[in-house]
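Take a look at the following structure, please.
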Amino acid sequence: MNERASGDPRVGILFGSESDREVMSEAGKVLERFGVAHEMQAISAHRTPDAVRDYARQARDRGIRVLICGAGMAAHLAGAVAANTTLPVLGVPLPGGTLDGLDALLSTVQMPAGVPVATLAVGKAGARNAAVLALQILALGDEAVARRVDELKEAMARGERL
Amino acid sequence: MNERASGDPRVGILFGSESDREVMSEAGKVLERFGVAHEMQAISAHRTPDAVRDYARQARDRGIRVLICGAGMAAHLAGAVAANTTLPVLGVPLPGGTLDGLDALLSTVQMPAGVPVATLAVGKAGARNAAVLALQILALGDEAVARRVDELKEAMARGERL
Amino acid sequence: MNERASGDPRVGILFGSESDREVMSEAGKVLERFGVAHEMQAISAHRTPDAVRDYARQARDRGIRVLICGAGMAAHLAGAVAANTTLPVLGVPLPGGTLDGLDALLSTVQMPAGVPVATLAVGKAGARNAAVLALQILALGDEAVARRVDELKEAMARGERL
Amino acid sequence: MNERASGDPRVGILFGSESDREVMSEAGKVLERFGVAHEMQAISAHRTPDAVRDYARQARDRGIRVLICGAGMAAHLAGAVAANTTLPVLGVPLPGGTLDGLDALLSTVQMPAGVPVATLAVGKAGARNAAVLALQILALGDEAVARRVDELKEAMARGERL
Amino acid sequence: MNERASGDPRVGILFGSESDREVMSEAGKVLERFGVAHEMQAISAHRTPDAVRDYARQARDRGIRVLICGAGMAAHLAGAVAANTTLPVLGVPLPGGTLDGLDALLSTVQMPAGVPVATLAVGKAGARNAAVLALQILALGDEAVARRVDELKEAMARGERL
Amino acid sequence: MNERASGDPRVGILFGSESDREVMSEAGKVLERFGVAHEMQAISAHRTPDAVRDYARQARDRGIRVLICGAGMAAHLAGAVAANTTLPVLGVPLPGGTLDGLDALLSTVQMPAGVPVATLAVGKAGARNAAVLALQILALGDEAVARRVDELKEAMARGERL
Amino acid sequence: MNERASGDPRVGILFGSESDREVMSEAGKVLERFGVAHEMQAISAHRTPDAVRDYARQARDRGIRVLICGAGMAAHLAGAVAANTTLPVLGVPLPGGTLDGLDALLSTVQMPAGVPVATLAVGKAGARNAAVLALQILALGDEAVARRVDELKEAMARGERL
Amino acid sequence: MNERASGDPRVGILFGSESDREVMSEAGKVLERFGVAHEMQAISAHRTPDAVRDYARQARDRGIRVLICGAGMAAHLAGAVAANTTLPVLGVPLPGGTLDGLDALLSTVQMPAGVPVATLAVGKAGARNAAVLALQILALGDEAVARRVDELKEAMARGERL
């Protein structure tokens, strides 16, 4: 199942602070392993709001199909991105706040009508599953990805882990 | 933006109990309004586990592209469906448990590696946004849906609501 | 202590949805009673992100000195405003989410370093105290407001309520 | 009170991941000490749903009388087993989720009408008491077990610990 | 499945206050419907501790096989009973405390090693499932009860509810 | 303020498990320092219920005036003691449960009408303040203790700590 | 047990706002019924801090032996009183805040070393038990009160309620 | 942006215990870096209530313009200060309580009408942002501070951190 991802990135992975890179790179590793090119970028809804807006508005034209956003504390990043694109936005709440991730989870998932964020579990587990969800979404229009996702399902049934 | 959905359903909306139908029909109304055919069914991970398994395994071949699952309390439905398909599964936690939906949210979102559930907010707000997320996913491979999703974005920028 | 507020607004009161207007008007009533002109506007960080940005960036030049932002659920409004201004931003978390305001409180208060939001209590009590805090801030540079704030303190010591 | 358990297993101990084995083996040790044969198996409601179904459906015919299921995070294992058997199912929530076990506890205990899971405390304490509860259940039809359970009660009254 | 329960009670249903009787009678109705005789009694771990002790110590000799205890707030009843018997004790946390049942749930389920309480969901849902669990336990030694429990399983698979 | 406590114990300090002795000895140290004799004993509401009952019923006649009870998890000890005496019972919730002491706090404080437990903070801080509260209670009828409690107040006003 | 309380008040009941009077009068009713004179007063730690200080400092000399303080939200009243007296201070957390009384409970109970507040349950139940605790404290030095408290214990054992 | 703060302190930083000094000095460092003189003092609402009252009442006349108060547990300090001044009071909840800072957050933020505390995030992050908020408030009447606050905004937009 390990083949080298190449070509233009189809998934953008964003995170609010450089200190979040390690956790969110778990998503990148899964995409890499399934042969889907991606890009990663630290970007802050509060410190660099214009950068967030520009990235989100240009993502579709740059070939991005799914966005994965990781943030903790107030955790506004996924929402700020979703406000500026109609691409599917997957949110990964990160620990570190007063409720150790539950706060970020609720900030991420409770979006107003019309601006959804598809939310995954807190932290690394969520980052990995965000990548799997991105693969499942891409699989709807990409036979090669679909085949690899099915192979993962079969491997898990044999007792293997992601 | 209102056109009659027709043809085979592309989205399946499942819920754990007939008493959940009203809340989950909010998702159906949004899909209908955006011209995407869907089907709705009450089905229980605990009372009718075989029905859940069969539905999930046959969904892709029946033309379903996205699954929306609403459940409260232990809220295992979305997870039981995701265990049996590689289609994107969107989970809508429903209120009614001891933590009034937070429990269902955590049961829905905290899936093991390899079996993601894209989780939305609790209750009607989540049901509506699950439909919008389904539209955003379908839009990646359907120009007509993509155009309508963009129109929603523009309408919201003018102050309209979903 | 009741005198008619007139002149250009010195406090801007923002809220994420028209349904929040009633709660946030409690802040307006206090300002009015203390003779400080204000303006109120429904504006959404997610549905109308450009309007939020423009409002926040132009507020200082328009004579606004303090911003009061009320929002519920993901509650990103105060943070989105603070990202685009250096004026003091006071946040009023609103109930309605899964944790009935605690979620909005944590979304509002847990801002990243350099972009503070001064957070008040959830709901009407918070809206009223946001106005009092705005008065205390304005009082630092306005003798008339300072005198009225002191009179409130003395009135409370005599057993009166705000 | 220590005698070698032999014969066909009367208690099945299941857990969602190999990493849960150590905690759940606390239940096995108690059963062993009271002379009740058991078996242990890692099995996942989400990665290997068919294995869970088959195990649960065949357990009674294989002589199993009580099932003990440990799982964390979404913690669906006990519920998935209970959906497929009428044997008493005892659930042990495991820590590791966002609420550090409270989430698993609520996922385990909040079952729909007709499909109970007898829930114990989170983690090792719960695993040990699940075994004691299994012994109390078996004691209703087994004089030898009943005598040993009574001896435990008397030993505790003298100040001994389980 | 409805036959008249007769003979000596095999299940004792206890609750901490007369105001809990209505909720706990849900358990009694299920037992009645499945033909298992039971008895109900209000009894308080704090106001009438001797009555609790005496009831628990004499229950086995009076033919009781399973005890169901419902209590709210500090919710010590199930634990106080379990301290004085080796019969299986099923605990039903009741709402009304500061955490609306979560407090009672944690008071009920977190028992020390050697003194388990099999805990069900909060309130009526828990009371009903306590009865089903009692039936599953009795079914291990009673063919007639076992047959009825299996019939319930089949009925649920056909879409019926408890 | 340090004088040797002597004579019959006027305060009884109880705790549910030997592992709680270290925390609860903080209460003992404060009493010792203020010259009030006390006794300490591990005793379990669930493993040794008769010992708890006997201790509580005989305490007054043995000269005990205040009881301090520390327990974690289900935390029934203070309540079980209060059920069997009319002496003031002070409860110290101990950490270790799923909510890390909040569970024990709610189990301790939420007593039914007529059977109060005066509850202090979780852990060592609570143990120390339970002792101070016991001193304040004894001071109502003991001039020497009253004088020492006043001296503590004055020492704190000068910046000293307990 | 109902005799007319007369003479100088021995218990002071304070509350932060007139709207709390009804709940706190539950404490007064219990004291009245047991023949212990008391006084009640609305007084605010934040609006009238000097009144709180003066009341607390003069209470002992005025013959008060126990203070009962009820407050919600930030719930600082009991702590502000305890800071200014060495009499036993009993705290009754009141509902109304974001966590519906749990917040007030934690504000009340978590006092620094040397300044304890004996905390009771939230709301009316806590107010009633604060009165019973005050009676138990007074009973240590008052035979008549001690006898009535013992009679309450016996009445409860016969099934009566407070 | 680093210039030596000199002159009379314009910001007072208070904290409930010497052990809080390190966390709260984060606020002092930020003020220092932006050239605003401040003073720091340990002072306890419960152990030294008169010192708190006197400090708060004299602060304005001593030239203080903004007060920053950090406290944990019951966290009454900010409220006790706000009760005695009309200067803006910024509250920094500190971790260490049963809810690890959430308790202090709710104690700090939920002030009664007329006595606001502008609340920041828990711990060091909150302390730093309290200083930034103080700068934003001072900037309304001080061109030099305003310029430095604007420079911080621009620096953050270039990717720098506070």
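First chain written, first letter: the chains are A, B, C, D, E, F, G and H, and each begins at residue 1.
What we mean here is this: a residue touches a chain if its C-beta (ideal position, glycine included) is under 8 Å from a C-beta of that chain, and two chains touch if they have at least 3 such contacts.
What you see is a predicted model; the values in this text were computed from it and never measured.
Asks: Among all the other chains, which ones are in touch with both chain C and chain F?
Replies: Output, common partners of chain C and chain F: G, H.
Asks: If we look at chain C and chain E, which chains touch each of them?
Replies: Touches both chain C and chain E: B, G.
Asks: Indicate the whole-number Å distance between the mean C-alpha point of chain A and the mean C-alpha point of chain D.
Replies: So the centroids are 37 Å from each other.
Asks: Centre to centre, by mean C-alpha position, how many angstrom separate chain B and chain H?
Replies: From the centre of chain B to the centre of chain H is 46 Å.
Asks: Counting only residues that touch at least 2 other chains, which ones in chain D make the list?
Replies: Those would be 47, 73, 98-99, 105, 109-112, 114-115, 121, 125, 156, 161.
Asks: Go through the chains and record each pair that touches.
Replies: After working through each pair, the chains in contact turn out to be A-B, A-C, A-D, A-H, B-C, B-D, B-E, C-G, C-H, D-E, D-F, E-F, E-G, F-G, F-H, G-H.
Asks: Which residues of chain G touch chain F in their complex?
Replies: 65, 86-88, 90, 105, 109-116, 118-121, 125-126, 128-130, 132-133, 136-137, 139-141, 146, 149-150, 152-153, 156, 161-162
Asks: Quick one: which bits of chain G touch chain H in the complex? Just the residue numbers, please.
Replies: Within the complex, chain G contacts chain H at residues 16-17, 44-47, 49, 53, 73-76, 79-80, 82-84, 97-99, 103, 106-112, 114-115.
Asks: Spell out the part of chain A that touches chain D in their complex, as residue ranges.
Replies: Counting only chain A, the residues touching chain D are 100-102, 105, 121-122, 125, 156-157, 159, 161.
Asks: Can you list the residues on chain H that touch chain F in the complex?
Replies: For chain H paired with chain F, touching residues are 44, 47-48, 50, 73, 98-99.
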